[in-house]
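Both complexes below contain chain A, partnered by chain B and then by chain C.
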Partner chain A sequence: MKEWMEILIRSLGLFFLAFFFVRIMGKKHPGKMSTFQLVNYIVIAILTALIAAKVIPSFRLGLVALAVWIFMPMLMDFLAIKSKILHGLIHGKETVVIKKGKIMEENLKKAKLTGEELIRELRAKNAFSLADVEFAVLENTGEVNVVMKNDKKPVTAHDLGQKVAPQTEPQTIILDGNILYDALNNFGLNEGWVKTQLKGMGVDLTNVFIGQVDSSGDLYIDLFDDMIQLPQPTVKEMLYASIEKSQADFMKYALETKDEKAKKMYADNARKLETLMKELETYLLH
Partner chain B sequence: MTVGSQVKQTLASLKGAQGTLRMYALQAQDEKEKNAYTEALETTNDVIKDLENRLKTLEFEEPQFKGY
Partner chain C sequence: MTVGTQMQQAIAGVQSAAATMKTFSLETQDQNAKKDFEQIAQDLENALQTLQQRQKYIEQQEPQFKQQ
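On to the complex of A and B.
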């Protein structure tokens, strides 16, 4: 067999072999791998290249070496899933580097991390001042994760004591001017609904690039033609405003009327509408 | 503007709000959100009923404005 033919066949075979095995070895991001896993992948890559280019003359012997480097990590991953102790041995354990705002120097030394490196990692997590950090952990991937002090954390709705509406992810139902029927059926809507909504906005289906429906069933669309100004959906705000207006009207009538019974009725209903407004606020205003 | 016609206006805007609420009660996907709208629908229903009764009394008291 001619030499170039042999290299071609070897390369093609290894191309698919490597592709297949790297796929089944797991879904880990290269940046998030532990050091040893990275070494392992590099060894696989080098072995594959060496066999393909015939630097290792025997195809069979090369495959034996490759098999060890492919199957051993798979075996270790399997063991790590089965046993917690082995997991610690194989993947290492995370190291606490800052506790209660104080740097643990011994742990830093053990992890071979210098002060500069720690500060750099903290900066990467937006903790420019050491005084803001309550707790930091060095993961076995070399990444440092940080918990900020309570008063330096970003404010959440919980901190403000505010209820927020649960938001499920929006579904894309129109793409490139075509209706995606699967997504539409998932939402319990049909083509007629889409057509009515688009008609209400005065837009043709062929002009819609992306159309999404959110959890409360409102349609948001982006058009191919960016010159057309579309009104943003403000139905919810309008609804809230009209309830608010009615509530104010009731208050006014309650003050104006001379009839005691009517006064009470108006006041009661004004109160009802007020509680209603409070309940709907999270859903209508956001 | 008489009291009667003002009340009618409020009634109309409440009914409009109720229509929108009904739409959201039907098309909301989240169970909690759907319930909130359905409850709101019931409340507005009560309020509208009260207001309609009051309107009847008003129309009886000032029959010359009936129908406006």
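On to the complex of A and C.
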């Protein structure tokens, strides 16, 4: 066999082999791998390259080495899933580097992390001031994760004591002027609904680049033609404003009428609408 | 008719007007008009707050006028 033919076949075979095995070895992002996993992948890559380029003359011996480096990590991953103790041995444990705002110097030394590196990692997590950090842990991937002090955490709706409406993720139902039927069906909508909505906005389907529906059924669209001003979806705000107006009108009628019975009826209903408004505010206005 | 009742009537009127302005601002397609309506609605909301404070004050001063 000619030499170039042999290298071609070896390379092609190894190409698909490596592709297949790297795919089934897991979905971990290279940046999030532990050091040993990274070494493992590099060894696989080098072995593959060496066999393909015939630096390792025997194809079979090369495959044996490759198989060890491919199947051992798979076996270890399997054991790590089965046993908690083995998981600690194989993947290592995370190290606490800051506790209650104090740096644990011994742990830092054990993890071979210098002060500068720690500060750099903290900055990467937007913790520029050490005073803001309550707790930080060094993961076995080398990443530092940070818990800020309570008063330095970003404010959430919970902190403000405000109720917010539950929200599911919006679905993209129009892309490049085509309706995506799967997404549409997930929301229990159909083509007719989309057509009606678009007609209401005065837009043609072919002019829509992206259209998204949120959990409350509002359709937001972006057009190819950016010169056209679109009405923003305001169904919910409209509804709230109408309720608000009815409530105010009832109050007015209750004060104006001379009939005691009607007065009571208006006042009762005004109060009912007021409680309704309070309940709906989170759903309609935010 | 007592001052307290008149005050309540005024409040209800302003509230209604503010809500109307909000509906207008949401309904119109004209950006300028939208801004104007929003501004008016905001002004009315401010007036409403002032009136409500005033009403509280009146109720404190003249508890017998407090409406049931």
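As a convention for this text, the second predicted complex is superposed on the first by the 286 of 286 C-alpha atoms of A that agree within 3 Å, B and C clash if a C-alpha of one lies under 4 Å from a C-alpha of the other, contacts with A are read in each partner's own complex, and residues count from 1 in each chain.
Please note the rule applied: a residue touches a chain if its C-beta (ideal position, glycine included) is under 8 Å from a C-beta of that chain, and two chains touch if they have at least 3 such contacts.
In this text, all values refer to a predicted model and were calculated from it rather than measured experimentally.
> Between chain B (first) and chain C (second), which does A:Ser242 come into contact with in this model arrangement: first, second, both, or neither?
both
> For A:Met251, decide between first (touching chain B), second (touching chain C), both and neither.
second
> Per the contact definition in the header, classify A:Met265: touching chain B only (first), chain C only (second), both, or neither.
It touches chain B, and chain C stays clear.
> Decide which partner touches more residues of chain A, taking chain B and chain C as the two options.
B
> Can A:Ala165 be said to touch chain B (first), chain C (second), both, or neither?
The first partner, chain B, only.
> Is A:Ser216 touching the first partner chain B, the second partner chain C, both, or neither of them?
In the superposed model, A:Ser216 contacts chain B only, not chain C.
> With both complexes overlaid on chain A, does A:Thr234 touch chain B (first), chain C (second), both or neither?
second
> Which holds for A:Leu276: it touches chain B only (first), chain C only (second), both, or neither?
Touch partner of A:Leu276: chain B, not chain C.
> By the touch definition at the top of the document, which applies to A:Lys110: first (chain B), second (chain C), both, or neither?
neither
> Check chain A for residues that touch chain B in one structure and chain C in the other, and list them.
238, 242, 245, 249, 256
> Would you mind writing out the residues of chain A in touch with chain B in their complex?
Residues 165-166, 168, 187, 189, 215-217, 235-236, 238-239, 242-243, 245-246, 249-250, 253, 256-257, 262, 265-266, 268-269, 272-273, 275-276, 279-280, 283.
> Please give the residue numbers of chain A that touch chain C in the complex, ascending.
229, 231, 234, 237-238, 241-242, 244-245, 247-249, 251-252, 255-256
> For chain B, which residues count as touching chain A in their complex?
Per the stated touch rule, the residues are 3, 6-7, 9-10, 13-14, 16-17, 20-21, 24, 26-30, 32-33, 36-37, 39-40, 43-44, 46-47, 50-51, 54, 57.
> Can you list the residues on chain C that touch chain A in the complex?
5, 8-9, 11-13, 15-16, 18-20, 22-23, 26-27, 29, 31
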